[in-house]
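Working notes, beginning with the structure itself.
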Amino acid sequence: MAEGAAASSRLRLAGLCFFLQLLTIILFAAFVRYGPESDPGLCSPQSNCSRRDPEPGSGYPRFRDAHLQALLGFGFLLAFLGRYGPGSVATSLLVVAFAVQWALLAQGLFYFSPKGKIYVGAQSMVSADFCTAAVLISSGAVLGRVNPIQLLLMTLLEVPLFACNEFILLSLLGISDSGGSLTVHAFGAYFGLMVSRALRQPRVDERGEQQESGRQPDAFAVLGTLYLWIFWPSFASATTAQDGAEPWAVLNVYFSMAASTLAAFVLSPILYEEGTLQAAQLQDAALVGAAVMGMAGEMLLTPFGAMVAGFLASHLSLLGSRFLSPILSSRLKIQDTCGVHNVHGLPGVLGTLVGTLLAGLATADAYGGRMESVFPLVAQGSRTASGQAWWQLCALPLTLILAALGGSLTGALLGTRALRSTPKSPEMESKVLREVPEDGLNPEASDEELGGSTLA
Amino acid sequence: MAEGAAASSRLRLAGLCFFLQLLTIILFAAFVRYGPESDPGLCSPQSNCSRRDPEPGSGYPRFRDAHLQALLGFGFLLAFLGRYGPGSVATSLLVVAFAVQWALLAQGLFYFSPKGKIYVGAQSMVSADFCTAAVLISSGAVLGRVNPIQLLLMTLLEVPLFACNEFILLSLLGISDSGGSLTVHAFGAYFGLMVSRALRQPRVDERGEQQESGRQPDAFAVLGTLYLWIFWPSFASATTAQDGAEPWAVLNVYFSMAASTLAAFVLSPILYEEGTLQAAQLQDAALVGAAVMGMAGEMLLTPFGAMVAGFLASHLSLLGSRFLSPILSSRLKIQDTCGVHNVHGLPGVLGTLVGTLLAGLATADAYGGRMESVFPLVAQGSRTASGQAWWQLCALPLTLILAALGGSLTGALLGTRALRSTPKSPEMESKVLREVPEDGLNPEASDEELGGSTLA
Amino acid sequence: MAEGAAASSRLRLAGLCFFLQLLTIILFAAFVRYGPESDPGLCSPQSNCSRRDPEPGSGYPRFRDAHLQALLGFGFLLAFLGRYGPGSVATSLLVVAFAVQWALLAQGLFYFSPKGKIYVGAQSMVSADFCTAAVLISSGAVLGRVNPIQLLLMTLLEVPLFACNEFILLSLLGISDSGGSLTVHAFGAYFGLMVSRALRQPRVDERGEQQESGRQPDAFAVLGTLYLWIFWPSFASATTAQDGAEPWAVLNVYFSMAASTLAAFVLSPILYEEGTLQAAQLQDAALVGAAVMGMAGEMLLTPFGAMVAGFLASHLSLLGSRFLSPILSSRLKIQDTCGVHNVHGLPGVLGTLVGTLLAGLATADAYGGRMESVFPLVAQGSRTASGQAWWQLCALPLTLILAALGGSLTGALLGTRALRSTPKSPEMESKVLREVPEDGLNPEASDEELGGSTLA
């Protein structure tokens, strides 16, 4: 198609990348410094934040967290490859590379030191990565219907909102959400769904639906599943710093994933007549089991609780994908490319409810020394267990409203003519940066071009 | 084929999964609790088990073991993908998800606390994962000739037997086998081979042979090889808790794998005339090098010993696959889908013999402070080095007899008409849950269906 | 082609492998022992080597380094798969398996203990792996134009030279180069390029060029990219043993990779008209960002410095691949199969210059307690900061000269008739051990045979 338009679109993306990286470098030069040796990360001693201070001499665990820092975002990336194919990898990498830098700045704003500097360390990298994970979840809802410029702008807007929501929940309200059931999974999913709704383009979407089915590269789904099983339990507990508490969160996530996987074998053949269990479904089951344990992972005191939660969450997710997704699509006009509502949204909400229940039931007897790390405010006596549960519950609608409003506004902005007009020439990025033509006049040809970007 | 039969088969699998998960949850609710903060795992202080108590303040290494817990089983999974293709992944994941939970219960039975509870922690997860690895090895011998229901039942029966054998060896006889040469590799291989023998179905087996060759997805073999090299040395030493002993076990495994890989380049072109060295062969060489170091890894005091052992084991494995496998198949009627006899059985036995030799040669001078952790009974003076060697040697026939008897009985049970009649309709799980028709009336058609489940 | 020649070639490789492994085992038996419990690795207390002694009680971090040991080499392996395809994996594994053992011996020679033994431990395995990485970089320049025997001999010769250069730089001159910008990346790249120049064979090379383009398996590039992002930051700081210094090196590498990736999106669409950003380019960007931080990673005190360095290095690398590579190929007759000059050579040199600049600017105020670990000689007062910078700068031409001379000699030796005449029958190793016929009389047929070795 129009050669000039393709070239100009490419140059606009290049220019935007250059500008954003330059801006980030300047802001980092002005404000960001490495923290002192035993860096306390984001947590200023004054604030009652849920990320605990490292104990003296515990420098090593911090370093290991840094080792894990890059894993979370890329785990999502690998997870999505199974759903949408490697064609999305360049765009996603672009989002991750920018989101990590941007999140450090945005989150640092809320923890300014008195000297006007943002001190970063291994712990703030982990926080930045949680933020990146939320952005990737959101992008999972709109993949295939946005161009890279739109994704970059969505990242630019979502990251500050995420940081704001996280600051309100963790620091102001004193919510415990170490694995991000609410702040990451639910926030990311509903933000993305509202962006998707605002960006809706009737004819293109139908085609998008078609092209998704039938060419999910199983190899990536298999690898993504293995990756989730291997590394996820460690992620989910990356921010629970105290050593005593860590193994339980890890084990809870692990049990939840096991039960969730078995649940997929129970319900999938009943819901879907063809009865073929795709590798992508197993991957979703692992993700669901992990998402539901995000908040409750460090609170649960017994393994069977994690199993029950994972078992129920997997059923909920499968029922959602069977009965709720068609309603979302037809009634609410929300397209959901990678099914983030079922895999992240619903389990995130369920995980929050489980966490609320557990917070209400928490007693000093049952938790012992762990109370300090899991519910610091309750341990200090400034809050009762039921008060903690009330705040945990309040955080849910607050997060959903913030995500929905922010997503709608972002979607409306991204849908403006100036941004939508770019992707007229799909061949410009046919190899890796996949795009969808806005008009969709000759879907067959475009399909072929898009098809060429998958693995042989 | 018969649509109704396919549906009923799917529902039977769903029902079995539901029942097993429910049973597990109930048993966990009744008996399993997280251990106290510095959790001693499976090891009760009374028993003289080879899993050592963590030292005070060593909570962090325990957590890292938890990080590794999921790796072992999935390493095997990835390793088998290279031999049998991603079609087996859903079934294998099902086995892993169930076996981990089941193994925690079965192994916990032998370490009941006085209060009638099973206390789990990171260390017991590692033990459960060793058990899962043995189940996966066994399933490698029968893959392609069993349906998912049969595999689940095999898991149900093998796990308690594994726990029983492990308890006898490690706790009663005081055997040192930290990396599982005997308890995992040899036990799993011979159990699976005997199940395979009992399940033998002449005409189907021939077809199974055919279909294996020629479509080994090299990509998975390459990834599996890298995975083994990267993570295996850490696994093999996951249960050697004392810090001083760890690096040696890691390094020994590493040297053994290096020598084993070079040995594959030496013998393979001599044994096989076509002279093509497949990626799967390199993966096998890495597995062999690791399996032979399972028992001896923490005992060897010099790097060249590990090299010699790996070099010999690789030769033995290659000679076995060239000359022994045809005999097994034709004379003893044992089919071995993934060649577990050569890759796990023989090196496991060789590793046990090496470990026996080293135990007999152990002197307090050479081991110094490590004696306590490698041979606690010898260090305490309740046993001589030659006595330890004698018991290590006795453990070999004991394990082989237990594995063979258990495997035969399990195979006979799985071969009953009620279970075998299920997989009449291969199309029901043609995508991921691959099955083999019992009668094999039209092998060409079935071949095509099965072939459809591999990666493009 | 000639059946007999193929068989003899296979047997020669088998014999060489057997001889080298036997030689290594004998040398290990004679000289190599595990170090004492808290093993100081290669560093004798007398020498002022940059690998610091572990502090008392820090045994555990050492073990983790051992966990990482195998990662580095295999990371490169995975990285190259994306450029040259899995056909190279068997040869590369052979090189790695031998190089690790050989490097332990060669590096140990320079740190002989008074008792005439080489003591190895986790730390020396990390050093051996850095050496293996350099060999893999060199092999990246010549892949596809050498046979396995030539590669083995190149390894045999390059490893001692690497150890010699490393000893001169780190121990004699007191250079700080923890991540190997100079000793690994620059040395490996220029050594390989000179070997490639000496091995140049006009007609074959053209074919090599052709066959490279157009069948880069994107899946491997995607996985390699993820792998680099996930594990590389930890590698780059594997040898900076002190806990306080570690997070900064990790974070600097991470920021550098992020900025480098964004830079690829900036420059790539401008330089290449087709505007398609391949997964392999993203992988290169990640490698470049890591290579440039090799020396400066532990020296940089601010995150934005790492971003600027990564941003510039990525631009330099892309400009080099666009404008410099054609000149290298046409004028200097240097073929560069995997583009190691742009991905390792140029960023390595740039990283050395950045490190020199930082060393010159180092003040005790800015570094505080870290001065001791980053520039031990400056901290001890035996050198000024500008003196340190002078030596860092001198190390650059020294390394380049050593690499170029050694590479030329090695290439001349490998190009002798006796070695070149081997690969006359490509079908002998058509599956994995790919070779190139020397005469190239019927390139079409050979192409087909070679093409058969790629993934479906």
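In order of appearance the chains are A, B and C, and numbering begins at 1 in each one.
Basically, a contact is a pair of C-beta atoms (placed from the backbone, for glycine too) under 8 Å apart; a residue touches a chain by one contact, two chains touch by 3 or more.
Nothing here was measured: the structure is a model prediction, and the numbers come from that model.
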item: Same or different contact residues where chain B meets its copy chain A, judged by the half mark; value: different
item: Rotation in the CA alignment of chain A with chain C, degrees, nearest 5; value: 120
item: Rounded Å distance between chain A and chain B, as computed from the means of their C-alpha atoms; value: 35
item: Touching two or more other chains - residue numbers and ranges from chain C; value: 60, 64, 217, 219, 223, 456
item: Chain B residues touching chain A - in the complex, by the definition given at the top; value: 6-7, 10-11, 13-15, 17-18, 20-21, 24-25, 28-29, 32-34, 37-39, 59-60, 62-64, 66-67, 69-71, 74, 77-78, 81, 86, 89-90, 93-94, 97-98, 100-101, 104, 120-122, 125, 219-220, 223, 428-433, 455-456
item: Chain B to chain C touching residues, read off their complex; value: 60-61, 64, 217-219, 222-223, 225-226, 229-230, 233-234, 243-244, 246-248, 250-251, 254-255, 257-259, 261-263, 265-270, 273, 275-279, 282, 301-304, 307-308, 311, 368-370, 456
